[in-house]
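Structures given as structure tokens follow.
Below are two complexes that have chain A in common, paired first with chain B and then with chain C.
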Partner chain A sequence: MNQPASLPLVASLLDAPLPASGVAWLDTVRRENRESFAAGGLPDTRVEAWKYTPLRALGQRQFASGDAAAGVRVVDPSTLALPGVDGPRLVFVNGVFRADLSALDRLPAGLTLQPLSQALEGDAQPLRFALSRHYREVGDAFARINAASAVDGVVLRVAAGTQLDVPVQLVFVGAAAEADLAWHARNVIELGEGAGLTLIEQHTANGELAHLATLVSDIEVREGARLRHVVLQGAAIGASLIRRSSLRLHARTRASLHVLELGGALVRHDIQAELTGDDARLDTRGVFMPHGRQHIDTQLAIRHQALNTVSSSNWRGVANDRARGVFRGAIVVAPGADGSDASLSNKNLLLSPGAEIDTKPELEIYADEVKAAHGATVGQLDERALFYLRSRGIALAQARALLTAAFCRAMLDDLPNEALREHLAALLIAHLPA
Partner chain B sequence: MLKIENLHARVEGREILKGLSLSVSAGEVHAIMGPNGAGKSTLGNVLSGRDGYEVTAGTVTYNGIDLLSLAPEARAAAGVFLAFQYPVEIPGVNNTYFLRAALNAQRKVRGESELDSMQFLKLVREKLKVMQISDELLHRAVNAGFSGGEKKRNEIFQMAVLQPQLAILDETDSGLDIDALKQVAQGVNALRSPERSFLMITHYQRLLDYVVPDFVHVLADGRIVESGDKSLALKLEEHGYVGIGESYPAGATA
Partner chain C sequence: MSSTSTETKATRRDNAEVVEALGRSYAAGFVTDIETDYLPPGLSEDIVRQLSALKREPSWMTEWRLGAYRHWLTMPKPDWAKLKIDPIDYQAISYYAAPKAKPKSLAEVDPALLETYEKLGIPLHERAALAGVAVDAVFDSVSVGTTFRKQLAEAGVLFCSMSEAIREYPELVQKYLGSVVPTGDNFFAALNSAVFSDGSFVFIPKGVRCPMELSTYFRINAQNTGQFERTLIVAEEGSHVSYLEGCTAPKRDENQLHAAVVELVALEKAQIKYSTVQNWYPGDENGVGGIYNFVTKRGDCRGDDSKISWTQVETGSAITWKYPSVILRGDRSVGEFHSVALTHHFQQADTGTKMIHLGKDTKSKIVAKGISAGRSSNSYRGLVKMGKGAEGARNYTQCDSLLIGKRCGAHTFPYMEVKNPSAIVEHEATTSKISDDQMFYCRSRGIREEDAVSMIVDGFCKQVFKELPMEFAVEAKKLLEVSLEGAVG
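Entry: the complex of A and B
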């Protein structure tokens, strides 16, 4: 075993001073998580959840903590714009809130949207439950350091019964700096009973960089609420980006999650969804498309814990060059979650002999009258289809791009926002090898 | 326009074409008939450049150029079109998008200006009328979920849009009922012109009732063993392939 604290990464992250909040319970939570991170260090590949994502190289690196100049770094506002998305916006640069780039005036009634730093300065108490989590496993190392070190992030609440008709946009910009930086963001999101929200989460790059960022999002969807969450991950090609999204879906909720993973050198996204109320429904769709030497790992864990809950997950992976994709889809239908319906599909495409995708669907059922289906495939482009396109005059490279985009595109089909859907489809195509 | 000389080709190490020679001039319609396993589809695939077909001897000259040296997309741009025996389903690729990409790719290679979507739509509307295809097919993915007849009609429709100089129809009649066959034949006839040549590969004579060929060739054991006019097809219909080519000792080695 490692001497955890002796890993350069762990030492450098621990080097950062603990942020003092002046709120006793928060200081305690931060200290305890820091201590468990110091004691546990990083998981190695013997930890099942990290089997295909070795952290050896990352463990040898060091990062400066935070970005003192984040408030003045020049960011072209046009890089933040998304077609079909023109509503409230919260922007963070290297983890630091930027009021000048955000759009927080004219917030619709029923929407609370503010940076965590401000929320904590006001009344921290409502955040106590969300921020008091302890992470027990060594596999939770990054959630631990996030809980210990995050000084900012998003606090978003939609009041019960409020249907927002404009999407809310959260943008996390990695900006080039004088050193490799580590920054941490903590997001607390809650939809009240019967509320409706479309949330666009965007990760973008401003210049070449090799920062480490961790994001932890806790999303509570109260009874009868409806959430549409779209994630567009276009981080810098050198960035390490470790995210965890935890969703709790209460009774009769509808939640959809669309994820497009394009950027980053080392990318990990843990999605942990609990369907805790009867008749809750979760649809997840995603595409991960690593190329070059990118490593993109998605860990999807869905727990059905109540009657007649439904989850449908459909993910596509495309790996090119010497890139690696990892997908684990673990569905548990817990005792008592009778009448549940769980489906999971992950299809993958390898565009070059050096590329690799590891996929692992898992299904555990402990309830009765459950419908469940899962499947995963890894393959190559259909040679017959390639020849068909070429025989009509379409050059090989374009034919490959066309087929690859088609393979992924269905994942975007049920996005309600057409302008955004077309934009994401165009990004997919632009991301394909020429 | 097309001159095939002594063509030998192998598939998976097995020799299928064994010295095929054929000459097609502009505006002519040639039917290639023959029993199963004679090499009919191999001929179409070799001419259109499919992988896995190894040419071991012979030449194919098309408008003075060495056709075999070109990639499939370059052959298409040069005006060669293959109507597939089994058109491929491509879910997720819109039929209209695909066809416009194909046409513009060809035009670009030929140094012609690309069509914008309005110009393309106008062209497509004209061709749809000729083929009696409902424009609903345009909005679907390429061949995805099409019936057998729809797939074959879609092939001819693509041909109408792409306007090739040499069209190779690989058993386009197979699997069609008589109404679909008539529609396909009507589409082909509408495209006949003094500049355009057809190579119709077929197992049965019945297509030739509707598309009357200028020449009929019998392909057996990898080479042309008999050539004639349309009456040869009728003879085949009556007597079958048994006995054909027996007067050609070289063709009887199999």
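Entry: the complex of A and C
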């Protein structure tokens, strides 16, 4: 199924020396993942998970590994600020931790927040479970190279019973460099029993660049914990960004995920959520707005494995110009997961003759005491709504903008942080075609 | 219809009694003891040549088959469907089996054969006149008789077996065969192209409304054979035809292979309605035996304002792999797919449709109902594609799954690919079980549990059944009841 490992991309990523951690098990895991990446190469579009995201062009490119100058690249700290977000902050520039841009003093009690590079210098053992993963699926190329090559990222723990009242902000900055770079980051996040956390993940650009970044996050939400995760993806317009977030939700957890996909040339996000404990609940909301020649692919997979678990997913896509939006929303209800309630909706607007939307909602149901429904649409704005607005003297272009904005904005409505919500809504509107 | 349907109903009722008498299990599972000609098991260029020679085919047909066979050798077996399939030994299958006696007309057909069809409720005699349906009966590899030839010929309609068509109407066959499903389309279509033995050929000339429903009844009888039939229906400008297809096979412990190809061509303003009640032997309650059903069905709305509609009721087969599709090429053409797929015990079905919108203002509608019981697996897999030129095209898809029991699976895999900003695609799917409330309501009114289930299932499928011709709808309803036997309690 795979293309030969002689692709320029594969060769250039394998060119970088294998990082040495001094921790035997980690070095072994890295080596093995690197070997499986070298053997497997890149998936082509015959691999189901990559059916709508061809990697032909990316496969022909070459990237320099890591950024030696990442520590001194000038980044204006004001570009990192977000309204309503004023708490601990961890900043990475081209994948390298930047203490000078981060805010790690006065960490609230119960919060452990440090770069992976530092955590590994201390006791690496608590990270062993998360970092020992092998990626065996045929489409897992980028997770493999990430597991082999990532030397930094976030280690975040919230102690059992701790409710953090300030959000934690993680910022990944892509900064222009002398060459196109490849960098990899690995996050390990854990909420203890009954803990509460709001996590803001931000991807921003500093200058024009065409880097390749991979990001793998493991998020463990222990019994009764509550996670609010907001992702603002505003990577550089030329950047390739490939992320995978794995969530495990234990009993009685509540997790919400709000995602805004705005930037990047080739963007892929795999969200794999497992509802492993009874009464766990996951809500996901997202908007992807590719324009120009952007390609944005979201692959959401939710697995109900326990009793009375609930998932509700609502995603909107708007594709303009010659852009392509891809969405897959797969829900699996495992045998015995009685009382599961799963719903998924993906609505899309196609604004231009050169644009394309590919959507694939899936249901795999193995239990009978369940409620499961999904819906997907691709189309245009409601003619009657447009007519209504025009009959009230609003110009066509403005009426379109208004309705498109409302179409996307609805995904943010249940975000409790008002200042952040308004900021994100303003970003959405600014992103709409004029 | 009113006066003629009485007779048909009576036949169906007789049939239903047979069903009841057999303990309401698979009623069509008997074997007809009849002398049969076989080709030796195995597949090679020689076998393909022998098959072609046996059928006295012209050399272009032999070459066509060989081309398909050579292509098939290079193709990988598809593995993307949600099906667990034991490896198939293509060399163990006999690719041709035919009753020894070659009848010249229906009157000369072996009485044992006629009896078979009678038992199955398929009238081949003149008595069939009352039923008002013209039938082409395919027994193992060959067509044993086509009724109503004369009346159809008067209307200008050609309805005969494919073998006959290749000999009698080579120019039509050459023009259309493989034009919708090319020989190398997929693994099973390529295999079929190489070894297909018979099937039906229908040609409706310009402006003709076919005076009666056409029907083909497929019966696998012989052991260790596969059935590979090929059906081609061409509806010329402004014509109209409704076609029914039924199938059964004896109960056997080993799996038998059925790989058919159906091609439909609708020219300008033509309409083709294709209905299937698929009741191949599904295997027993332990998953032993049953037919492997790998079918490629595709319609091509070649002309503007044409319409192709697929209706299927799938209750049989151990494995079903089937995606009747429509290519909406002509402007304003319409494609429809109505489906009920029921799986029980260890049956597996991966079925759905493809609607490929190429022309302007094309419309498609998909209604798929899946019912899973026992330890079966039932998947809907569909594709709706709006090409760049599909200005103003419209699709609506509804997929509902009903689960009966805790050990079955119901899955939905719809693909939507949209490249035109004025097209509209809508997809909705739900999965549920028969609710306790519904059951309680029925039970409290004195309705037996099994009757209540079959009532609820019937209601669940109504939207599809109403698309079937009346006699088929009655049969489909009965089939569901029989197939669900033992699903509850």
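The rule is short, and it goes like this: the second predicted complex is superposed on the first by the 428 of 434 C-alpha atoms of A that agree within 3 Å, B and C clash if a C-alpha of one lies under 4 Å from a C-alpha of the other, contacts with A are read in each partner's own complex, and residues count from 1 in each chain.
Convention: contacts are C-beta pairs under 8 Å (C-beta built on N, C-alpha and C of every residue); 3 or more make two chains touch, one makes a residue touch a chain.
Nothing here was measured: the structure is a model prediction, and the numbers come from that model.
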{"item": "Touched partner set for A:396, first chain B, second chain C, both or neither", "value": "first"}
{"item": "Partner chain in contact with A:79 - chain B first, chain C second, else both or neither", "value": "neither"}
{"item": "Which superposed partner A:373 touches (first chain B, second chain C, both, neither)", "value": "second"}
{"item": "Which of chain B and chain C A:364 touches, first, second, both or neither", "value": "second"}
{"item": "First, second, both or neither for A:48, with chain B first and chain C second", "value": "second"}
{"item": "Chain touching more of chain A, residue-wise (chain B, chain C)", "value": "C"}
{"item": "Partner chain in contact with A:352 - chain B first, chain C second, else both or neither", "value": "second"}
{"item": "Where chain A meets both chain C and chain B, residue numbers", "value": "none"}
{"item": "Complex contact set, residues of chain A against chain C", "value": "48, 52, 335-336, 348, 350-353, 355-380"}
{"item": "Interface residues, chain C side, partner chain A - complex", "value": "80, 386, 388, 401, 403-433"}
{"item": "Residues of chain B defined as touching chain A within the complex", "value": "48-51, 71-73, 75-77, 81-82, 84, 87-93, 98-99, 101-103, 105-106, 109, 141-142, 158, 162"}
{"item": "Touching residues (chain side chain A, partner chain B) in the complex", "value": "382-385, 387-396, 398-399, 402-403, 405-407, 409-410"}
